[in-house]
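Quick heads-up: structures coming right below.
One chain, subunit A, appears in both complexes that follow, with subunit B as partner in the first and subunit C in the second.
After this line comes the complex of A and B, so read on.
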């Protein structure tokens, strides 16, 4: 019942981008960027709930609403941006799955890439939506090892708390870099494909107006769980890697604290978690391109239909997967692709979230379930935050050369 | 079934364009990409005669160089010599509301579903597991 929210959060929040960014920021900035994760989580909860409500009550997922509200041209611009970003993210996630397998097997990640792509395609092509949610949601919980590890490591809780509540830029870092990583963390929490996947997933599960309570439970458990996992990875990194001055640039270093706390078993849990999170994210990004195209053009779409009943949807998903796989095989660094795609994603966010806010206020669509003043106040505040993030994202990316 | 369109006063932009179209079985058909208006016989205001959908209608709707490019690609992909956009005459429309347009007809592979049929027959059903 909770699996959609958990799977969305495991694959959306804790994807390769977030794993690496939280590991990097923990090692470089202590937990002084915890506020960015908190802000991103709040934003995702607010808009996840709104999109979920529009889906459950009016049966209209995100890209239906985007086309209806933004019209053909702006809608198309948004569609192209969203699909391009999903394809970039997919590239990074396939790389991430392959990197986790490399860490477990010592076989180069490039050899794993074709197998991973085949696996992701198998899941999108044949696996029932509910099984997919359960398998990856549950496996992803292995990441809780980072939360547990904090209690076994020599964690100075007072210092962590004061770093989180009194954010400051460490002497060795510059302000632009600090804010670049803040934008990356917020962007990684509210990536558009996440809300596309969550709302389409609601229809896959057959949500109706009676499912509102279930939807809210998914939002309130799933996304904060993703936020907590992100914070735990950041804190572990701050406790273990910062004193050693490790410059995190690889997935293996992110998993190091779990190994320090629990040895091989800890590392195994971390790797299973990395695998599940990146695999789930790969499936989410691939499916979300199919979902958004199908919704924008009014096709039949979804995994609840047999492939022959939604052929265009499956062709788009397969095409995106081939594109992403080809891109990883150029040996481009998956971690760089991630950071760039998250920041570009942050720049495109308001175009996806504004139509949701507008529709959530439309009585023809939602009847008595329209936004109350509280949801609207939060929605506007979050949208303003996204606007700021989207305006500074690209300049910061160029200025800091992606945080170097 | 008669449409009761004439009884309704509405802003086309607000009510019709870009809405989802469903057939009589509730299967998605496409979007209202454009509308066909004809002059009334009695010299009155133009009358809405059909919904246009599919790539041939989407291109002109986009406008600009991109729309032209879209249209010419769509034209190349059509088998007929003189391609026109897919027309859904308005008397096939069963109901219209803010959220959707429902048709009184059904027809899997007709008009707007050509791309669907093509991807199904040429790609999806040839991949293992695509049939069942």
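After this line comes the complex of A and C, so read on.
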């Protein structure tokens, strides 16, 4: 019942972007950026619920709504931006899966990349949607090792709480860098492909008005779970890596606190979690590109259809996978791609979320299920926050040289 | 029609110029900025020493965990190999910066040794780890610990 929310949380919320940015920020800023994760999580819950409601009641997926509300030309611009960002994110995710396998096997990640791409394609082509949700959702729960680890590490809970509730910029860091990482964290939490996948997944599962309670449970459990996992990774990084002045720049460093707490067993859980989160995210980003284009152009789309019944959808998914794989094989650093894709994604957020807010207020579509005043107030506040984030994202990326 | 073509062409040029400007800004932002004064160069040296301290500590933590059987050989090897590569990048980045005056050249000479020693110790650690040589790992870890002190001096005041 909760598997779509958990998978979206594991693969969309806690993907390579969140793993890296939470590890980096914990080691550099303690948990003083916890507020950014909280804001991102609230934003994702608010808009995930709206998109889910529009899907369940009006049977309208996100890019159908985008095209309808933004118009054909502006909608197309949004589609191109979303697909380009998904391809960039897919590059990072494939790299993330390969890096997880490298950490487990000591075999170069570049050798794993083609196999990972083949595996992701196999899952998107053959595996039933429900199996995909269950397998990766459950495997991804291995990341809870970071939550448990906090109780076994020499955690100063008072200091953590104080850092989270009294955010400040460490003396060794600058304000632009601090806000660059704040934007990165918010962007990593509310990446647009996440809401596209959640909404399309609802249609794959056959949601109707009767599924609203199930949808809300998915939103209220799944995304906050993703937020908790992100905060736990950040806190572990702050407890173990910050005192050593480690500047996290590889996935291997993010897993070290689990090993310090529980040895090889903890490490195994962390690696399984990294693998599940990045693999699920790779499948989600590839599928999201197919979903977005299928919904915009009015093609038949979805995993519930056999590939012969949705050929263009599957060609787009395969094409995106090939593009992402080729990009990783250029030996570009997947971690750098991650940081850039998260920030550029943050810049494009409002374009996807505004049409959802507008449609969620349309009585012709939603009848009695339109937004109430509370949902609208939260929606507008979150949208304003996204607007600020989107305006400052690229200037901060350039100013801080991607957070250096 | 001609007017439309002209307008479209101008619009295209503007878009190309905007894109080129954005690409140049992005490319320039990725370059290492030069130091034009001793203070600026001292800051670069301090940043390099700080980065190297973090790298050394990361490798030390991975090696210590390996010695106590808390991580696999594969994991420790990858973490230490990455640390060694990062150390090389730190050295290269500092080498490519032009010292602006005599004091800066002297500072660079002073900083080079501990940075290079730390990088060499990381190489020794990686070699010992891949050979499953516990004694070699212990020795390299001691070397790394030893390098932290001179690095700290540069971190605090740039030497």
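One rule holds for everything that comes next: the second predicted complex is superposed on the first by the 404 of 404 C-alpha atoms of A that agree within 3 Å, B and C clash if a C-alpha of one lies under 4 Å from a C-alpha of the other, contacts with A are read in each partner's own complex, and residues count from 1 in each chain.
We take it that a contact is a pair of C-beta atoms (placed from the backbone, for glycine too) under 8 Å apart; a residue touches a chain by one contact, two chains touch by 3 or more.
What you see is a predicted model; the values in this text were computed from it and never measured.
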{"item": "Which superposed partner A:249 touches (first subunit B, second subunit C, both, neither)", "value": "second"}
{"item": "Touched partner set for A:76, first subunit B, second subunit C, both or neither", "value": "first"}
{"item": "First (subunit B), second (subunit C), both or neither touched by A:401", "value": "second"}
{"item": "Touching partner for A:263 - first (subunit B), second (subunit C), both, neither", "value": "second"}
{"item": "Which superposed partner A:298 touches (first subunit B, second subunit C, both, neither)", "value": "first"}
{"item": "Touched partner set for A:104, first subunit B, second subunit C, both or neither", "value": "second"}
{"item": "In the complex with subunit B, residue positions of subunit A that touch it", "value": "58, 60, 64, 67-68, 71-73, 75-76, 125-126, 296-301, 306-308, 311-312, 314-315, 362, 364-365"}
{"item": "Subunit C-facing residues of subunit A, complex", "value": "102-106, 172, 240-241, 244-247, 249-250, 252-253, 255-256, 259-260, 263-264, 267, 397-399, 401-402"}
{"item": "In the complex with subunit A, residue positions of subunit C that touch it", "value": "25-26, 29-30, 50-51, 53-55, 57-58, 61-62, 65, 68-75, 77-79, 82, 86"}
{"item": "Contacting residues of subunit B [partner subunit A, same complex]", "value": "17-21, 27-31, 33, 53, 58, 61-63, 97-99, 115-116, 119-120, 123-125, 127, 129-132"}
